[in-house]
Structure formats: structure tokens, C-alpha cells
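There are two complexes below, and they share subunit A, which is joined by subunit B in the first and by subunit C in the second.
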Partner chain A sequence: MLSAGWVGFGADTMVDVIWITMPFLLAGLWMTFKISLVTILCGSILGFAVGMLRTVGGWLVSATLGIYIHALRGTPFLVHLYVIYFMLPALKIPWLQFEAFPAAVIALSLYTSTYVAEIVRAAIQAVPRGQSEAARSVGMTAAQCMWHVVLPQALKLMIPPMGGVYVIIIKGTSIVSVIGISELVRAGEHATQRHPRELMLIYGMTALMYFAYCYPVLRIARWAETKFGSVRLPS
Partner chain B sequence: MDWILDFYNYRVAVQYVPEFTRGMLATIWISLVSLVLSLTIGTVAAIMRMSANPVLWRISAGYVQAIRSTPLLIQIYVIYFSLPALPLLGRRLDELEGGIIALGLNAGAYMSEIIRAGIESISRGQIEGAQSVGMTYLQRMRYVVLPQAFANVLPPLLGQTAVLIKDSSLVSFIGVFELFGAGLTVLSERLMPNEAFLTVAVGYLAIYGVMLFFSNYAQRRLGGVRG
Partner chain C sequence: MPSETPIVVVNDICKTFRIRGRPPVQALRHVTNHVDKGEVLVVIGPSGSGKSTFLRALNGLEPIDSGSIVIDGVDLTDPKTDLNRLRRGVGMVFQHFNLFEHKTALENITMPQTVVLKRKGSEAYEIGHRLLDRVGIGDKADNYPSELSGGQQQRVAIARSLAMTPKVMLFDEVTSALDPETVGGVLELMKELATEGTTMVVVTHEMGFAREAADRVTFMDDGAIIEEGTPEAVFDNPQHERTKLFLSQII
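And now, the complex of A and B:
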């Protein structure tokens, strides 16, 4: 079955091609999974910090972070990726020298943080004003009011839109293939070079794998929305 | 001042102004054509999605689901590599047309969700009123439902347009020259990533700024109309 593989291009049947490329593509999917998981963690933490600071900080903090968000929202992720990938060596940190993985995670996390920050802000503002007024009037400090009253209610509202952000990240990981990370798209490209005749089949398999990863996330997000309610994602 | 020239040598950027300008115009042109295409696809898909015919709405829902859960890069590759098999208009399509089709199909799915929300926001009385003065289905859509629907969802439509403009940078990977492609040119000719991509970033920010201005204007304007 595999023996004819190297004799010449196109010598394999479709089943052979699926059989040969599947482990390769699955390795790519595993890389996509790793990057998206690290990114959703880092991006959420960063985004939460930015969103909180933007809500409780003074006008200067708020304006600075507003510029940060608009600068990242106004430029394509591809540009962030290239800028960060080529700027890291200038930082003179040995383990960041032209390393693709940290560059990809940093760029994706910064990009994710803008979405998360907007969600955090919208969720905090969606908590009725009476809640914090009541908390303050029973003598809570501003921090206590935020921690014990506002955040627990706001966190629930943040869960559904985070599903959408996770899907944005998963799809964003496809772009980091251009700086040489062997994730799913890159694995697919390599497979097409080996089996040029079955190009559409291989890209179809790749697309199906993305679908298998993204679709459950979207479904869970929709389920969470009916359970917790949601804030509108700022577009 | 040396460290600034080290970090960003503006003289190099100035040398490449013609490339950047050409790239920016190409980005605007590609985005405009894709926008028209995506709004057309989006409107048709939204109307199909709301139809009572199960075949029609399943096709539309499947299209939106498929586009939303696969990355744009894969969609661009699939369309690009199927171009030889797509002899539309009696000739083979080139990279630019393939890229525009991919962008239009991708944005169309998101647009259709927004437009559907807009159509659903139109009150039943409007449609009944249009029916009672004897309008056909197409007339109702054209003169009563769609104008109000688009006005109601203009802010998210503009937001999606901003995403479309940024996404258009991806077509540079199938060999279409646009703003990001101009950056790639500078990188390959001069090996100066900062001069290349920070300049490109400023270009995209300029387009984004204009979009923000229009968005605010439209919101003010529509707010004024509705009182």
C-alpha cells in the first residue's frame, strides 16, 4: 500500500493519500491546538488586565489603552506578526532570537487581548448601576464592590463571547504558518508538495480539521449564551 | 538621532513611496470590490436563511457555518487552486479575481448574519403595511424592508468592512500586489522589516481612521433621523 508512494507523483490512490498524510496533518492540528491554548490563556489574562484598567483607571490610562486597542484593531494581524517576528532579535534576549513560536504566541496574544478587553469592559458596564450603588451604600470600598458584587456578575456575561474569541484565535493560528510554524496549514502545504495531484483533497481535509475544532466551540458558546445571557461583541 | 535611523530609516521608506501608494490603492480597490460582492452574497444568503423552504435555508446555514469555522487562508488557497477549473466569463480567472472571490465569500457569511439581524429588527407592521398597499415580495424587500434593515445594522456592517480591509492583506500570499505586498517587496529588496511593516501599519491605520470617521458620522446621522 505504501510501497508505491515514492515511485512517482500521482502513483497513489486517494485512500493512500489520506492514509499517508493523515498522521502528518494530525501533527499539524496538535500544533494548532497548542498555540491556540497558550494564546487563549495569555491573551485572556492580558485582555482582562487591559479591560479592567480601562474601566477603573483615570482618563489618561483609559486614553492610552484606547490607542493601544485601536492601533491593534486598525492593522492586520499579519502586520503584527511580521513586526514582532522581526523585532524580537533587536531585544537581544537569547531565547527570543528569531524563534517562531514565542513570536506567534506574543502576536496572537496581543491581538486577542484587544477583543477580550472590549468584552470585559462591556460586561462590567452591563451590570446594572444599582448593584454597585447598593454595594457602596452599605459601606464597601470601590475594590470590595468590584470584587464581591460587580465582577461575579460580569464574569458570567463574559463567557459566551469568549467562545467567539477562541474561534478567532484558532483561525488566526493559520496565519502563523507564514513565519514557519508547522501548524495545520503548513502541514497541508507540505503534504500538497508531496501529492500535488490531490491538492484539493488535502486542503479539504485541512478545512475539515479546522471545522472539527471550531464547530464544537461555536456550539458551546451558543449554549452558554442561552444559559448566561451575553453582552454584544463590539465589532 | 542615530538610534532613530537605526530603528526606522525614513529615507528608505520615502524611496518606496510609489510602491506603498500603489499598494494602498490596490488594497482600497480590492476591499471595495469585495465589499460589494460580500454585501450581495450576504443579502441573498440572509433572505435564503429566512425562507420557509428547508432546502434554501439549509444551504445558506451550511455556507455560513462552513465559512465561520474555517480560516480565511484555507479558503483563499482552495479558491486559488481551483481557479484553473473555474472558467467563468469564458476565460480563466487570475489571482486578483480569485482573491476577491475568496474575500467576498468569506465576508459574505459574516455580512449575512448581520443583515439577517437587521431584517429581523423590522417590525411586522411594516411588512403588513407594504402587503396591504399591494406590493409584491420583491417590492416589499426593495422599498420597505432592506433600506430600514441596512440602516439599523450600519455600525456592525462598517465594523465587518474594517475586518474585510485587514483580511485583504492575506491575498498577498497568492501573489496579488497590495499594501502588505508592498511591505514584502521592501523586506525582500532591503531586508529592513521595520521600514517595511511599520509603514504598512501606518497605511492600514489611515484607512481604519477614515472608516472610524465614517462610522461615527453614520451613527450620528442615523441617530438624528430616528430622533
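And now, the complex of A and C:
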């Protein structure tokens, strides 16, 4: 009885803690969901464009995009986030002033795009040369060949690694808490400050929520992989 | 123009492969040749003799360094030439079939028609079915390439090329990757095409086929044409030492 008053807030049992912290954690999950969804969407579109351009563009385009990809992949995401959120505003350029949410989404999208771009490039190049030679030999243009022959086969190759990247990005969104965004991990930390005796419980709930979000993504990727048939490429 | 004009005129073409870190390889040395309408030209020669490069140059898959190739009056080496348009009229069958793996046998034949020739789906399907029957695998229309034997895949590939009603058909060692028991059927099909008057350029190691089906045989070695003539002349009475050596090695 004594400890109940000392811990305070009247929340004592685990059920109470779950009951009280759940809305905050769900709000955090919702933020994580929003950030990751926008990021995955924008990052994939940008990455697809970069990967395609890198494959079909000339050496100059390819080299330029290569620098973009390797510069972003070779530096920590946290640095990108600081540059966009803290450094760019200091340049006093009006359209480079970002609030926390856009800054997080932009930084994460750029980061995601580099991984997606490499997956797209690798998948396109993994489609045997004979496929495009056959397409060109019947008179298809380079674009027709890409659209009707190469991409449909490359897409299947992209699905498994793409699912992996998406899950890494979803979990990676936790890092944007450093610029004050209340996503799931941040919400969990707040909860532990209110209920310091229930660390295990709260972090456990947080982890379960991430799992509940990520696991279906992996399942969907697996489903898509079998649904569209594992490609058998000619030797 | 009278029909004497050859459908393919190859004039003094050269091609050198330059791969970084390796000595350059001169694959074609001043090759001049021609193919008449309805003629079957068979190109023979050892591996690395440039015969496949020669064939691939004929539809622009392998750009050449110098010389000219004129197909039915259109200069392939002219930068203003629409290569895609030209390739519609030059069918190509590959050693490894190169069927579109994500399409059924029938779709392999219909897709180029609808995409390139803008034929209606119904028309393309009709042509597709007719050609699959023609090459002897009408019952495999809905099978994917991975479900077909090599010989069946090669038949689909031949049908895919025929669907474009090409002026000339190029065959690049089309039986080399086949199981022995399926080789004969594909060669038989090619002989039928030959007797029907299809203009063909055939790169092959099948000397029996060359002897039987060729109107003219060209022997290549080290990127150059060494000798050419009727099958009888080349096989029974070769003039050049290298031709004799090659024929003695393979027969």
C-alpha cells in the first residue's frame, strides 16, 4: 500500500500500466506508420527512377547517380538528418527550412532511395542479355524492350530484397526521435519515465508493436514472391 | 527493281572487339558477301572464326567498325536508318532460344506482333496458333518456356521470328544447345523453310544440314572468308588448306 502511493499516479498493476500507456504508444505507432509509409512510397519512386536511369543512362548520368548513391550509403543516416534539419535552415534559403516531420521524411526517403536504386539496378542487370537481344531482334525499341520484356522479369527479382529494405526502414524510423518526433520508441521512452518500474513491460509492448507492423510486411513480400512465381531464368 | 538484286549485301565489313586489359580481337576482317532472295547461305568455320559476329552484324545487334550492310535496299550502317524498323524484317533465332521467360509459347509469338507491328490481338493469336501448328507444337501454346524441351523452345523461337514475316531469317548455331534427339527435328523444320523459299543465313556446325539445304556455303576462319561455293564444291573439293584442315577435323 505504501509503495502504491510512492510510485504515484495510482497506476499500480500491469493491467493499469498497459491501459494508461496504450493510447500514447498507439499514437507513437501511428506516427511511425505515417513516416515509414510516406518514406517507403517516396523512397521507392525516387529509387526506382535513380536505378532505372543508372541502368539506361550514359556513363555521365550513371557516374553522377553512383556518387549520389555511394555518398548516402557511405555516411550515417543520423548525419543526413542533422544536415537537413539543422544545417540547411542555417543557409537562410526560404525553401530549405524544414519542420521536423518533413525533414525526417526527406532524409529517410533519400536514404531509402539509394538502397532501392541498387536493388532495381541489380535486378535489371540480372535479367539475361539474351532476353533483350531477342526483344530487339524482333524490332522492339529500347523502351518497349524494357517495358515488355526486362522489367516484368526484373520486378520479380526485386520483391524479396525490397521487403527486407522496407522492414529495415520501418525500424529505422526510430532514429528520427532525435529531432523531437514522437514516434513509437519516443512514446515508449515517455511511458517509461512515468512508469519506471515497468521498463520490461513497456519496451516489450513497443517491440511487439514493431513486430505487429513488420511481420505482415515480410509476409506480404513472401506472398508476392510466390504469387508472381519465382522466375526461372535461362542459363 | 528486278529480283536479281540480293536481299542482303555485305561490303567490306570490319569489326574489332576491344576489351580493357586484353589484346583487341579482330572478329571480322574485310568481309564481303551477299544473300539472294530465296537463297540459303550456310556459314561454317571453327569457333572464334567470326561467323556468329557476322550473323549478328546483319541485324545490327553487333555494330560494325567499317564497311556497309544493305538489307533490302536499306543501309544498316547509315545513322539515319531506323534500326528497329529494319530488324522487323530480319528474323533471328539464337543458340539459347532466348524465349521471353515470363510469357507462354503463344504469347512469345503474339507479343512482338502486337507491340511492334501493332496487329490486333485476335489477328496475332490466329497467326500465333497457325505458326505453332506449323512448327509442330500446336499443343504447347499455353506452356511456359521453362516447361518445354530445348527443341520445343527452339521451335517457338522460330515461330516467333516467322510471325514478323521477315525478308531474311538468321540462324545462329540454333541446334548447338539442343539434346541430340531433338536436333534432327529442328533441322528438318529448317529444311522445310528452305524449300518453301525462305531466305536464310545459317551459322552451324551441322555439316549434313549444310550439304543438304545450302545453296551456297561460306567457310570463315580468323574473321575472314576463306572459301565459298556450292556445298559440293566446298565439301568435296575444298581448295584452301584451312578449309581442308577444318573439314578433316569435324567429319
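Note that the second predicted complex is superposed on the first by the 198 of 235 C-alpha atoms of A that agree within 3 Å, B and C clash if a C-alpha of one lies under 4 Å from a C-alpha of the other, contacts with A are read in each partner's own complex, and residues count from 1 in each chain.
One rule holds in what follows: a residue touches a chain if its C-beta (ideal position, glycine included) is under 8 Å from a C-beta of that chain, and two chains touch if they have at least 3 such contacts.
Model, not experiment: these values are computed from the prediction.
In the superposed pair of complexes, A:F211 makes contact with subunit B only, with no contact to subunit C. By the touch criterion defined above, A:W223 reaches neither subunit B nor subunit C. By the touch criterion defined above, A:Y203 reaches subunit B but does not reach subunit C.
Set against each other, subunit B and subunit C differ in how many residues of subunit A they touch, and the higher count belongs to B.
Once chain A of one complex is fitted onto chain A of the other, the partner contacts of A:F98 are absent, as it touches neither subunit B nor subunit C.
When the two complexes are superposed on chain A, the residues of subunit A that touch both subunit B and subunit C are 234-235.
Residues 70-71, 73-79, 82-83, 85-87, 90, 167, 170-175, 177-178, 185, 188, 199-200, 203-204, 206-207, 210-211, 213-215, 218, 234-235 of subunit A are the ones touching subunit B in the complex.
Against subunit A, the residues of subunit C that register as touching in their complex are 59, 61, 84-88, 90-92, 94, 96-102, 111-112, 115-116, 145-146, 157, 160-161, 164.
Those residues of subunit B lying in contact with subunit A across their complex are 7, 65-66, 68-75, 77-78, 81-82, 155-156, 159-160, 162-163, 166-167, 169-170, 173, 180, 183, 187, 193-194, 196-198, 200-201, 204-205, 207-209, 212. Interface residues of subunit A facing subunit C in the complex, by the touch rule stated above, are 128, 130-131, 133-141, 144, 148-149, 152-153, 156, 231-235.
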